[in-house]
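First chain written, first letter: the chains are A, B, C and D, and each begins at residue 1.
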């Protein structure tokens, strides 16, 4: 068991972080806003944590104090929230694919900036980020509760007034507007909630990855997170969580499969060299055969009915 | 003045390339209202296909080298087609691959009436498959086209007066000319042929076009062929200019292509050309001191255009129906 | 109901697949045959070996290969470099096994793909350390990846040899981290000197560098100092580009307008090659000095005949006439049908260092008698204390683990007339 | 045609002064002025394309007017965003039913109670006692509205699975959930059989009495309007061609011509 956690501690934690990132994309989507800006806020949060913890290292050779990590997460969330409001107010006038493209532009602009600024360490980025935990699985103590809290938050959100306003906007913006729901206000709110979550995850990830640079939070990441949400299912918060967990594990699962004994050599060879070919094929198959995503509200309610 | 002229010419050359890359992108969008993420991969595929058809050799890091060696006795196809023929055939390969992509990643979703967004994900999956398949087959080395392709043309042509040169690389002029020919042909096809008009009808309104008895399904296939074909030509032209820089080399264009088609207005064919030139020129005029920010220009432009004119530089605002 | 089943069954399949990934530690990887069984149980991260298994009781038979991990980028756009490293490591595996391996026991290189990102590198490292039970790891390809994954190996007590991580601060990550890729700043002055010997009239110099590449960024600083301080030349301009750029018309136009006598480029093969090509196309005829990033045959297909005459600062030259290099070069050519580049040579060297350190260690205490954690620690000490005669020349390590490399080279690119083949010709 | 009064009388709930809307070259609503009295059932009729729905969109802020002023309870509301207008107590239904189809009937109604919620987001998230009480109250009131339109039994069914007539009634329940003083009904009887229409007429009268509503109603079916409304306005090609009690309007030659000419 110890060996299992040594090997897969990192993967388990990345899966949990990916699930949180998927939720950060799901939150604006709840209000019908296809925003791909999460990687931008994720990068911002990471830089905040990386800069703070490397410029002001903890005294002594001990673990990085946990309260400082929490403070960084708070700050990352705040900064992402403020930036989200500034970007969101003009950008969220756009709809559908146009909003997606504008948010991609936002992510790319942030990337080019972080590549050129002195404080972000340019191309090399920031490294030697202090560790608050002695093992990688230790990060689950912070990533796990964050995911659970976010899930609980989203679960509750779907059942209160604000969440109903989000869903109303997703279903029919005009009708929602006519029912007294301010589209701008709630769209920006949903966008900001997602941004805050992404920023917080970024702050954890910077420590978790030991290093942070301009290659974190790119266009590719935007599309991966979208895949998490759409493959998992975009109609209930369980979907993105499952999508994030499964799709992050998948490449490593394929890696592990190459090591399974008893495979014909050619198959082992193909599994190794063609790992990403299979990964891509599974994403395409997932999208085509589960157009509603793996997890749908109907599925959940049926599961609920199966319970005694 | 010379510098200004130089920058204009540089901008036009690079812009023409953005334009034909974006044309393929925008064609699919105009019909299906979705973005085809495999376009960057088809771009690379077209370049590789052309390369192989000219009978050039592949490196042993891909499995194709050993396959070819086993069958043909050398790590190349037993062909040596002239470059122009290879260009057209290579682009056709990319076009056919485009049709395959439509059948695998788009049609099943359409048939199920799925969220159009999902096509982003399914085509992303196919794009990952394509890129990694190419790497599996040919490796990641840089493949150049032979210098002889351009014949005896000089390497650069001077547009300035003697003593004050304004040189432009011949390859870029070729790129510009070929792109413009394609734009003209495509414009003619869409505006003057029956199929082209049917295509436009489908772009305007799929349901009406269907009711008018237009075979939508076949037209969509045709669109994907044309789109892949244009992407393949663009890929080969870039390969000609800078070498085929690994299977991933189309991806960077994919992202910029997005910026171009938004600048021009999504799904707007003349707009894609205008957008391509606008971006090429904007990038050419980035001062040398800020060249590090050149990549941000496309996206800053995109952001501004989206916020001020979401219908694109040329488009008219759509009226929302209540 | 049917759709329910249709949806749920694949889902459960996926989930059970996921669950089954919990067990692969039990399975013996076919790619990494039989790791030393006595080392299976104790956690390598544990500060002292536990007594779960008896070292002498389950000693591996002689002939069981010793697994050495290779964690480089085999996919993503970094794979251009990773592929060369894999080739170098595989040549090393065959070569050293043929020559007796580690006192008669063969080695086995175990490949794990890092992809182009940090998370993939950490996953690859974890798989090598815990599943494949390698004694040491050669990798990763990029410095940024090293910053992410090396601390993990260091904590686990697994020796790392970075084959191509040139950024500042890599050996300082920890005791177990060493590298054989020198920040070739020592060679930069030599390259400029070589240019001055070819053309003593050089006055105006223009410098270009890839601004998003860590190595190029530090290299260009050395070049600029050399130009202004050592040789008192006139630095008339510094321009940047990106390794992802393909169009360099803007930069080339600026160069032509400034009309320098010498252009110095720090970048990687594809971008620098295109930069050279476009400079030449547009009519630049002066000398070009290239940094260490241009020291690869991958440059040749990009600028072809126009590569001719580039003066390149080399950390490795396949023309070095040491016996080990001649052997390596011959073996590489036989397998890959081309001259080896620096990335391949560095990967080969990294494996060589491990083989020789293991051999030396085995002479003092039988490897089979040590459990994996102890072996890794002892191996790390041995690596740092030895000196090695390698294709890179005679090398040793500084206490933090940086390379001491004596030989650097300056070469001039010589291309065939049609540009189809090329070579680096020694200058000194 | 009534000239706009210089000052809005206190018992006038809604007053339009010279409302005009152009789309490109087309004038959909042309200089239309009228006032609606408190408690009145005011009918709006006219041939297809006369600009009735556009007028509704102008009143509810979905379409900004090209010219003209709109007053609600004596205050200018022209140019306000739709949610502001809704928050003032102007609720509407849509000609092409715009329910939140994927959501349950109950959720549809509760969404329209948006402006009545007072509990903060945090209090609601952690289900603080006050927030929970408020949520329960809203739910009860929403159920009461569903009861009123006869859909309480299917509160948890998805709106898009409802029959056409039920969807119309659900839309009315949703509009009532806003607690409006002015209710705009856009062709509430469309697609109903005569029996249902009679029931609907009674229903509209009863909700007016029960909630003290002023109702503005677009209806294609002229007899229904004539039987139900206190006053009727007739639009034709964007012009207000007649306004008065049903008997007057029915005998207005311009109206007869507009309808015959259709």
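Before moving on, here are some points about what is shown:
By definition in this document, a residue touches a chain if its C-beta (ideal position, glycine included) is under 8 Å from a C-beta of that chain, and two chains touch if they have at least 3 such contacts.
Predicted model only: the values in this text are computed from it and were never measured.
Shared contacts of subunit A and subunit C, meaning chains that touch the two of them, come down to B. Among the chains present, the centre nearest to the common Cα mean is that of A. Of all chains, the one whose mean C-alpha position sits at the greatest distance from that of subunit C is D. We define each chain's centre as the mean of its Cα atoms; on that basis subunit B and subunit C are separated by 34 Å. Subunit B and subunit D have centres, each the mean of its CA atoms, that are 51 Å apart. Separating the CA-averaged centres of subunit A and subunit B is a span of 31 Å.
Inter-chain spacing, taken between the CA centroids of subunit C and subunit D, is 72 Å.
For subunit D, residues that reach two or more other chains under the stated contact definition are 62, 94. Listed for subunit B are residues 132, 292, 295, 322, each touching two or more other chains. Within subunit A, the positions touching two or more other chains are listed as 115-116, 174, 273, 276. If you check the complex, the residues on subunit D that touch subunit A are 60, 62, 81-84, 86-87, 91-92, 94, 98-103, 107, 110-115, 117, 119, 121, 124-127, 131, 135, 138, 174, 178.
Interface residues of subunit A facing subunit C in the complex, by the touch rule stated above, are 2-4, 6-11, 14, 115-116, 122-125, 127-128, 131, 134-136, 209-211, 213-216, 245-246, 249, 251-253, 255-261, 263, 265, 268, 272-273, 275-276, 289-290, 294, 299, 302. By the touch rule above, subunit C contacts subunit B in their complex via residues 75-77, 79-80, 83, 87, 211, 239-242, 244, 246-247, 249-251, 253-254, 256-257, 269-270, 273-274, 277-278, 280-283, 298, 301-302, 304-305, 336-337, 418-420. Of all residues in subunit A, those touching subunit D in their complex are 153, 156-157, 160-162, 164-165, 167-168, 171-172, 174-183, 235.
Chain contact summary for the complex, subunit B toward subunit A: residues 33, 35, 37, 104-105, 108-109, 112, 114-115, 117-130, 132-133, 136, 255, 258-259, 262, 266, 292-293, 295-296, 298-300, 302-303, 306-307, 310, 322.
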